[in-house]
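Quick notes on the structure that follows.
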Amino acid sequence: MVVAEGLGKRFGNRWIFRRLEMEVSAGQRLAILGPNGSGKSTLLKTLAGLLSPTEGKVRLPEGDARRTLGYSGLDMALYPYLSVAEHLEMSGALRSCAARTEELLNRVGLWMARDVPARQLSSGMRARLKLCLAIQPDPLVLLLDEPGASMDENGRNLIWEIAEEQVRRGCLIVATNDPLERRLATHELDLGN
Amino acid sequence: MVVAEGLGKRFGNRWIFRRLEMEVSAGQRLAILGPNGSGKSTLLKTLAGLLSPTEGKVRLPEGDARRTLGYSGLDMALYPYLSVAEHLEMSGALRSCAARTEELLNRVGLWMARDVPARQLSSGMRARLKLCLAIQPDPLVLLLDEPGASMDENGRNLIWEIAEEQVRRGCLIVATNDPLERRLATHELDLGN
Amino acid sequence: MSSTSETRVWRDEVLAIFKKEVLSEFRGKTGLSTGVVFSLSTIVTVALALFNKNPNKMDLQDVCASLVWIILLFASLLTLPRSFLVEEEQGTGDLLRLLARPHAVFWGKVIFNLIQMWLLCLLVAVLFIGLTGIVVTEPLVLAACLFSGGASLVGAVTLCGAIASRAANRAALAGAISIPLVLFPTQWGVSGLREAFGSVVATGGNTAAIGLTAYALLSLGIGPWIYAAVWKQ
Amino acid sequence: MSSTSETRVWRDEVLAIFKKEVLSEFRGKTGLSTGVVFSLSTIVTVALALFNKNPNKMDLQDVCASLVWIILLFASLLTLPRSFLVEEEQGTGDLLRLLARPHAVFWGKVIFNLIQMWLLCLLVAVLFIGLTGIVVTEPLVLAACLFSGGASLVGAVTLCGAIASRAANRAALAGAISIPLVLFPTQWGVSGLREAFGSVVATGGNTAAIGLTAYALLSLGIGPWIYAAVWKQ
Amino acid sequence: MKYVFAVLVSAAIIWSFLVPDAPMFQRPELARIFFWHFPCPMMLTAFMCLGAFFSLRYFVKITLPLEPETNPTERRLWDLRATAALELGFLYAILTMATGIVFSKAQWGALWQWDPRQTSFLIALLIYGAYFALRAAFSDPDQKAAYSAAYMLAATLPLIFLIFVFPRLPQVLAVSFHPTDTIMGGNLKGQYLYVTLTLLALVSVLSGWVYRLRVKAGLLEIDNELEDASGATGAIPVVRPVRVPAED
């Protein structure tokens, strides 16, 4: 479902990764590993289309990326003055998919905080909201950048559940530094250099 | 060294914590635990003086807080256009303590990236730089909010080392969700509700 | 998808963006206030300048015309680019790029800016006329010029804001690259306002209004496509 | 600590903040090229508005006076408040509060703003006079007014930034506060510039200069204390 | 080859001094400035249009239906061409202004008097300046390329309007001293016409040559960049299964 052909990304005059060939097919869970600064997030952003590759190309399943692709990254900010619920409603309207506000928020345990503006959320709550936004349209491809960071026990279990579901629908790619999280993958890609 | 007397913090009309009594003396390592949104970061910020308590008071060791106190939090941003080294130099000048740029950066493994502007750092590198800033003046009190989040193996070990050292000099308070990190504490404070 | 439902989808997306802008604006109050402060203080400055003069003395109308236009120009430069700059400053740009389509984003923000700008025009016009006591001989021309003038400013400045938003010194850059683009409608704007204030050297207020409208339509027409082109850079 | 080393410490801290501001603003050649294009086009706008008029015709000096002031006002509102607001917008406020002392922060930023503003005044004056060809009858008064005027604008706007920086609705608050604060010196600034341009209705340029200086000193004197008061709220 | 060219140029210059003075000018002998004043805007326009086209080409392939240009290396090439063209265009813009200013000193008696032509062209220069200010503001080459190309697309119509249409608007014609129908109106006759055309031809050849050089230089820069680019271990990361999942 996700194919990278000779993918390379250069920042300034330094290649973060190059000649990267990979194929992730439905039902697979890929973990992208590597020390800090090895390019996990960069690769994930490139796959998500947030960064343009310096060379090579990325193939995603047909269809509108807004609905076929879910991405949640650490350095992706939320709208400080929009409430949790408003985020989901906006996202639903923009991607023309069902907002499912109550269902999703109950699931990640943010229903009580639905009216809290994002700037008042705790780090873990922010991570949960981003997860919601990523899975809202039941995407075929789910890209998670360190989903477990700053999540508590129950949050981590939640991620496992979601991972299980996701592979029934499509594939999952996780960039992580967490030895526990690493275990939920069926495949690994090590960018360590 | 760190004493909280009847400490309470209210946001709007909701008490995050109240009537909190605690005393952390030299050589102790306190872990603040609790589910997401339970108030760990809020407590840490209140201790660091970044938030003013709604009731009660915080007692820190005498001396200028800029030098006796080190704090590193998740939602504390760095200056996007200042390089790693410039951050340490600025901090040194502002706190009138030795910058120790080379020593510290070598220690956390950022020496190679000393000229990279903060906005180009990876999440883990950012966490490392913040750690540097926190320990720069050899503070008596070190407050770390989820230091391990988005750090790789070697980064986590680094935190253990630093924790070991810190208790020789003073005390350490860590807010964390990470079951592994939790182990480095000698004492625990659970805000779980 | 049938065309009608297609249009409904577009409408919803544009509305979603628009709603977002409105909510953020009124909870976090950022853009407009600056513009208002500026226009207020400027107009008072001008009133001071024309202080104890009767502004209907010949060629003061012309000056008034240019002053009104300058105020609108600067106010727009202070206010309009923010809608795009803020996205990058607060780091929500990525989220937007993941959820939305460029045309929806552009139109949502443009509609918001249009409303902002027209309100500003109204404010400036009322205050200016009130404070300087200048006589408006042709209210219709005035209205037309402010309406189309505001729109053309919105078209150009919003686009420039979008283009500058990913750069290091966004705020200043946005101003720098939009001023020259909005400079030449100035000629029309000023001459139109002169006509409205019944200046003697007035040259065709309607041509001015037409010119401004054309400019507005053009910039608003091209804008979204250019934005779509740089959308994911 | 002995007082001399104490002052050295303060100097280092202020310098550190100042250096930070400079680095963040002028990473690479960015700031410069932008600034030039920016001010150039601003002047041209104004000059264009006064299109084919000889600005020494009576009245027009007064208008020029207010135009120059408007330009300065515009520039100051666009650039100055950012120095404080940006800290909160990009979330570096906490870091700053942990590392620095309020007075050092305030003075570091003010010095940066002052230099910025004075350079701007110089540029604007030179370009404006060059392009409109207006005659400066009293260069000294002009210099004095620009100098003190720039300073007072910096004082006022920075003060507002300081006051508003911690409020949730920063910009709005900053705006609301700045209106009266900015309007106040305006009157002196304009009359001073009129005198400089040899207007007939000019009313004491030196008083203006003195007034502006007093205002600047006052605001810059109070500023740090107010800022220190809101520093850790 | 180059020498032939040099000879031709000098010949043309000498010729330009042999032509009779133009009586309709204030300073007939100085009408010759025109020989140099005219080719500049023409070159400027040519390169501006080229730059605009390359900027467009940066985004879309010129096919029907239009489809986006996705190949990164192609894009970098088009960006380079656009920059080269626009830099040269900027040079000619400045030359136009310079010769124009000299000309107006000679014929209108003042270096600058806010003649509509002068104003409009000054604005055109500013837009050009803004383009390069924008380029300077980006550190990432791809963003630099994309956003400056976008700005160029937005600015093209205004530029053309400012240089050609605006001075010919009726109400502007009324107040401007600047001639507009010398060429179109066929008021340029005899030797003047020939000299102008010759110089125009020579200047275009020259600038074409310079343009090619600029592009060559740019290509070399890109290659160097690729060469001394570090960090790529050349090692190809591959996806490897860690265990066969039970459920599949």
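So that you can tell them apart, the chains are marked A, B, C, D and E in the order they are listed, and the count of residues begins at 1 in each.
To be clear about the criterion, a residue touches a chain if its C-beta (ideal position, glycine included) is under 8 Å from a C-beta of that chain, and two chains touch if they have at least 3 such contacts.
These numbers were taken from a predicted model, which means no experiment stands behind them.
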| item | value |
| --- | --- |
| Touch-network distance, chain C to chain D, counted in steps | 1 |
| Mutual neighbours - chains that touch chain A and chain C alike | E |
| Farthest chain relative to chain D (centres taken as mean CA coordinates) | A |
| Chain pair with the greatest number of C-beta contact pairs | C-D |
| Far-end chain from chain B, centres as C-alpha averages | E |
| Mean-CA-position distance for chain E and chain C (Å) | 30 |
| Cα-centroid distance, chain A relative to chain D, in whole angstrom | 45 |
| Centre-to-centre distance between chain E and chain B (centres being mean Cα positions), rounded to whole Å | 56 |
| Where chain D and chain E are represented by their mean Cα positions, the distance between them in whole Å | 37 |
| Multi-chain contact residues (two or more partners), chain A | 11, 52, 75 |
| Multi-chain contact sites of chain C, meaning residues that touch two or more partners | 27-28, 90, 167-169, 173, 176-177, 179-180, 183, 187, 233 |
| Overlap residues in chain E, where contacts from two or more other chains coincide | 123, 126, 129-130, 133, 137, 139, 142 |
| Chain-to-chain touches, reported pairwise for every pair that qualifies | A-B, A-C, A-E, B-D, C-D, C-E, D-E |
| In the complex, chain A residues that touch chain B | 11, 34-37, 41, 74-75, 113, 120-125, 128, 146, 149-155, 177, 179 |
| Complex contacts: residues of chain D adjacent to chain C | 25, 27-28, 30-31, 34-35, 37-38, 41-42, 44-46, 48-51, 53, 57, 59-60, 62-63, 65-67, 69-70, 73-74, 77-79, 82, 89-90, 168-176, 178-179, 182-183, 186-187, 190, 201 |
| Chain D-facing residues of chain E, complex | 112, 114, 119, 122-123, 126, 129-130, 132-133, 136-137, 139, 175 |
| Residues of chain B that touch chain D when the two form their complex | 45, 48-50, 52, 66, 69, 71, 73, 75-82, 86, 89-91, 93-96, 117, 133 |
| Contacting residues of chain C [partner chain E, same complex] | 156, 159-160, 163-164, 166-169, 173, 176-177, 179-181, 183-184, 187, 191, 203-204, 207, 218-219, 222-223, 226-227, 229-230, 233 |
